[in-house]
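Below you'll find the structures, each written out as structure tokens.
Presented sequentially are two complexes of chain A, the first with chain B as partner and the second with chain C.
Up next, the complex of A and B:
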């Protein structure tokens, strides 16, 4: 069974303006839902998680008429993303597409994760949004945004020190690691000096992304550097090709992700092809991003929340799980529906 | 002017006008649907015959809601020995109840969900309201202002929703109850939404809004920001109308506390609308990711109301994917007084579940945009008969279930969680439902 159910694909494309006539607008539908876990078969833990609708004892917020804020601050507020989204999965993109993609992300205020290759010669402002992983050819005198290192085992200290030595100016060091079930690993990495962790399901690991994220979030909150919980000094970013759109991002946010890296989702949404005109690509991507931001605002408003980073991120209490067994609920830190 | 337009449309004979009084055949579906062909077929049989079609719901094996995996022990004891129609409806079993602190007698325990004039195209609204009168049930009119024909029916509940479309004291006094709509199951925390394409002149007149503009109701009531505010509105509406006031909410995370708050603040009943419920238009992202299923919500709310000593006389109406008399019976056993149907009533009127209500081109002419010169319209006579039959057939199936359980009235079933058993239901869900579980059918 494909991750990309037909309704998900259609809705993503409607947001991007590939389908339908209202690009950037959250797709409207009618009659009862058919989504997992009770009609379609659930594939991920996310399919069992629902968000809250505020009512009576706590009013909902009308995102059409009242302010709701989706901005995310990372690296001690040095980087401000306008929404909890980072574009990833650029490997294999036509090289001429990278500049329009970066430009679209810059315009919309979202990050870009460049797993391989160099950033094209672009303005410094745009470069601030690029999470650069391949630093081999980077000049140590130039200024970069976040620098990402892959951390597969616990021998990251030497790599980190080498990077520090090469880029003494950079304070935005990011570790990218698999989904570990052992929460102490996240704490150790944070203590080493990384300012953000990308938990990337595509690197493997021994638990699903949902569990790794929630375990990391709680472990970092319980731990302290000085007087502050470590979590408030370290950004958490979730990554995985199966992140399907704003609802997944929102739920991963609830489990602890400040932001999510979307990969296949944007490619499917903009109907990515090698021969796509750069202008059209950036236009579709901007539609998609503004549409996803609106969807996130709808979910926030429904839950009665006006600020994403301060109220959604790590707020497991705002979410409930449908029909999951005890052991998963325990690791997830989410209550069952009805309790 | 409103009435004149409607009368002309409803009765005017045109040579090229097709009056729909038969069901469309079901289109081939390429995605999974809760309302499976078998469910639709069963409802259609009830609607055309008015006679019971089965005792135990055979369609529950097609989907995997929690309630589909909850069984009456009695059914498992019978070991699949299925009775085939014709089924004799037991004459000494009654499903009548008194609701809202004994202020309203219901011949059958069924609430016909709040579907507005605007979402539905007028004739279906009228058919539902008339069917409620004919069967002694209750129909909610939804948020859209009152359709003149609906306003002539008695057993209607007038909805007081966040946009207050078309409301005044006269309208509020037309029904037998007032519903304060806080939320709905398909989009908890989000206001009503009538797409601009469906806001034609007649809708503009009843709702008192401009033609062609999306009618998006505010997400919250801007005068209900707390439980105290709600109490003031409940009592203001009670004093203004002298009628029972019901609060409609969606099934969400804090439903037990909401239910107890609503009861404590003096409401006569609560409508809890579960995840998966129908809607005329909703953002897909909210519909698919917010809210919890009705079976969990009802069980949790009932437990809390009992613990707080608020259950007696207070009426709990359970909505959201109620697809058969067996679903209804299980919800009653879990603690509801009155199950509610919406989609099932639409299916009885010919809905084929193409999920196009928001566009306004309904092939079954139920939720279509109201046209000045329609080429196709629903037969009021047929649709009223279908909904009436559905309710009578449904009630007969409910009585058959009561008979199997050895009961003479629906009252005996309320809160009898001990009669249920969950099969392959996770332990946390069983705890909320307050029932025992098994790993396989025994």
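Up next, the complex of A and C:
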């Protein structure tokens, strides 16, 4: 079964303006849905997780008329994303598409993850939003934005040693690593001076993204630097090709992700092709991001939440699980529905 | 407005006498209807020289209480301790309360309490330590406040304090059968009472777990006590910083980077969802009363002051019970109020101290006519019954004095008679009013004139939140200030057109979802200043009618605007792409405030179209806002009402000055050309 169910694709394309006539507008929703796990077949742990709804004593919030904050602060408040989204999966894009993509992301205040390293030229203000993969020694002198370093449990020690020599304390260092079931690795990375962690399912690992993320969140919360819980000093970013849109981002948020890297989702949404005009590409991407931000706000509003990073991120109490075995529930820290 | 839970707090100022417990009792029993039989409580604070902590616990049996004593001994081997003393004998099968005195280091004691509480609920619940402060004493149980008061013999044992807080409970998140779920919740020398249902509960629990908190009774209220205690006593943040973190104001307006960092660093302590909280605290040098409200102000809270006391309460009537002459005002959304025994009011709960305009209180004058109704000992059902009886005997005028918190006055009374009210009527005054002419000499509380279709309500003082909701006919005139969400969902129908005039200022969400009628905010108490007399999100979701606000209203406060930083960054992106001249960007960035309407006047049409999508959606309707003097059309629309307003309150001079010389911000939705008259749907 494909990750990309027809209704998911249709919704993403409608947001981007590829389908339909109302780009950037989430479709009208209601209670009850054809979503997994009851109607459609569940594919991932995320499909078993549902969001709590506001009830009588806790009013819902109408995000079209009242403020709902989706902003995310990273690197000790030095970077502000307007929503919990980072664009990734740019490898294989037509080179002439990179500048319009970067510009669109900058304008919308979302991050961009560039796995392929330094692009030919990049304005400094845009650079602040670019999570640049450290593929060359040249980037070690670049202090204008986040630097991403690949880390795995074997390479960990050597990377750490090399880091101390290369980077000043103030660098916005980000570790990108596979989905490990061993929580101590996340703590070690945080203590090594990384200010954010990207847990990337596409790098492999021994557990699904949901579990790795939740374990990392809880491990960093149990750990302290000084008398302050490490988690609140280190950003957590979830990444995976199968992150399908706002609902997945929102649920991953509940399991601890400050932000998520979307890859295939945006490409499908904008109907990415090598011959797409740059202007059209950035317009579709902006529509998609506005639409996703609105969807996130609607989800927050339905749960009576007005502040994403402080109230949703890691807030398992706002979620419940359906049909998941006990050991998984325990690792996620999510209660079964009805409790 | 939902009326779950009642809260109350009273602090003495240093020159006045210690506060008797009966004061706290009358302050909370006054809103008995906000609570239920399922839980109530009190806490008192007293600055003193006693270095011992008073450890209080609920236990199933005397053996369990002894067990806690022994455990504490084991955890704190060097401490002096007294034997547990029974505080009251419980009703069948419920928990008894015990207290004992312990001399120990505060942090060591906190650790011991954590561990003992965990152990006590490990294999079936045996009890719980619920308070361990040096200056605070908590009395809580099952019942109404008066029951708990009696149960502990609070009065007979002669407790008096510098500060009292009290609570009556309407349980929502946990059952009320055990007193462990009753308020106040205490931690160290903090105790809090809370009305609300915080949506950040999960996030707050995650922070507390990570800080080593391991034992909870499971309500959202107890986390508030723990967070306050932790941030002040373990992190040594000052009370005002901590209040800012928990209140969690919308960050859009916060520009100071240090505050942004503080809020972000302690984001796990920020509260979301509806709450109003009254907290007491003693740091060993001073005693504090802290009251705070959520960012939307979804729960009621008022504060007050007279020469001896400072108050905080769910309803003004509570304060009036104790101090008929107090000055009472309300908090701004997302704000806190802080006062201390030695220093008085430290922060008033508003960016600017309240300026009063109407009557600040009602004199306890004797009735001016023999047939005046004395409401002082009537509940609201009785009062409405008496009014109805008077009207049956074809009275054209009914005068009532001694009104204090009776709700629903005038509801369900079909008449065009005049009702004069002296005192503080309770919530929901004149709801569904279809003809009564109500005049109030004093302040009114929440939810006045809801779904009113005809008649009038004239208030010589202030009004609180949700005034004139779904108001659809008749007149509402307020001499003083009004609170949050005034005139929301106002509408008009055929020849029925409601008018709301406020003489003072209003808070957020004025005219939200408004569909018809007229709102005027005169801000007479701020004439000659540049203070804006309306809060944020004015006219958000407005689709009909008109709003007139005296003076300027920042464009970004009209409707719902995206964060300024997001708009400016978007525009800078257009500069980087060469689509917008840098000078144009600079012009916009240098504006203190702007709206989509402002941008329309500055940006070329292509770039305006691009940035518009941050503001608009398919549910968005364009609002026109004009800053100008009233014109002839306005005067013919408003003139007679304003004149009447001026006469009623004897404000002719001010009002005529304002009509002629003061500019207004006029807000209305842009109408599409009408093609045909829409017929109302039946059914």
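Note that in this section the second predicted complex is superposed on the first by the 311 of 339 C-alpha atoms of A that agree within 3 Å, B and C clash if a C-alpha of one lies under 4 Å from a C-alpha of the other, contacts with A are read in each partner's own complex, and residues count from 1 in each chain.
Heads up, the rule we're going with is that a contact is a pair of C-beta atoms (placed from the backbone, for glycine too) under 8 Å apart; a residue touches a chain by one contact, two chains touch by 3 or more.
Keep in mind the model is a prediction, meaning the values are calculated, not measured.
Contacts of A:65 after superposition on the shared chain: both chain B and chain C are touched. By the document's definition of touching, neither partner reaches A:9: not chain B, not chain C. Of the two partner chains placed by the overlay, only chain C lies in contact with A:76; chain B stays clear of it.
When the shared chain is aligned, no partner comes close enough to touch A:190: not chain B, not chain C. Judged by the touch definition given at the top, the superposed model places A:299 against chain B, while chain C stays out of reach. After overlaying the two complexes on the shared chain, residue contacts for A:108 are found with chain C alone; chain B is out of touch. By the touch criterion defined above, A:265 lies against neither chain B nor chain C after alignment on the C-alpha atoms of chain A.
By the touch criterion defined above, A:323 lies against chain B but remains apart from chain C after alignment on the C-alpha atoms of chain A. Look at A:57: by the touch rule set out above, it reaches both chain B and chain C.
Overlap of the chain B and chain C interfaces on chain A comprises residues 54, 56-57, 59, 61-62, 64-65, 303-304, 318. Listing the residues of chain B that touch chain A in their complex gives 30-35, 63-66, 68, 182-183, 186-191, 193, 195, 216, 218-221, 224-227, 230, 247, 249-250, 252-258, 261-262, 275-293, 296-297, 299-300, 321, 343, 353, 355-358, 367, 425-429, 431-433.
Put simply, chain A touches chain C in their complex at residues 22, 24-25, 54, 56-59, 61-62, 64-67, 69, 71, 73, 76-77, 80, 82, 103-104, 106-109, 123, 125-126, 221-222, 227-229, 231-233, 286-287, 290, 294, 303-307, 309-318.
Chain C meets chain A in the complex at residues 2, 4, 172-173, 196-203, 205-207, 209-211, 234-235, 248, 250-252, 257, 260-261, 263-268, 270, 272-274, 295-296, 298, 509, 512-513, 537, 540-541, 560, 563, 565-566, 569-570, 572-574, 576-577, 613-614, 617-620. Those residues of chain A that touch chain B in the complex are listed here as 5-7, 11, 26-35, 37-40, 50-57, 59-65, 245-247, 250-251, 295, 298-299, 301-304, 318-326, 329, 335-339.
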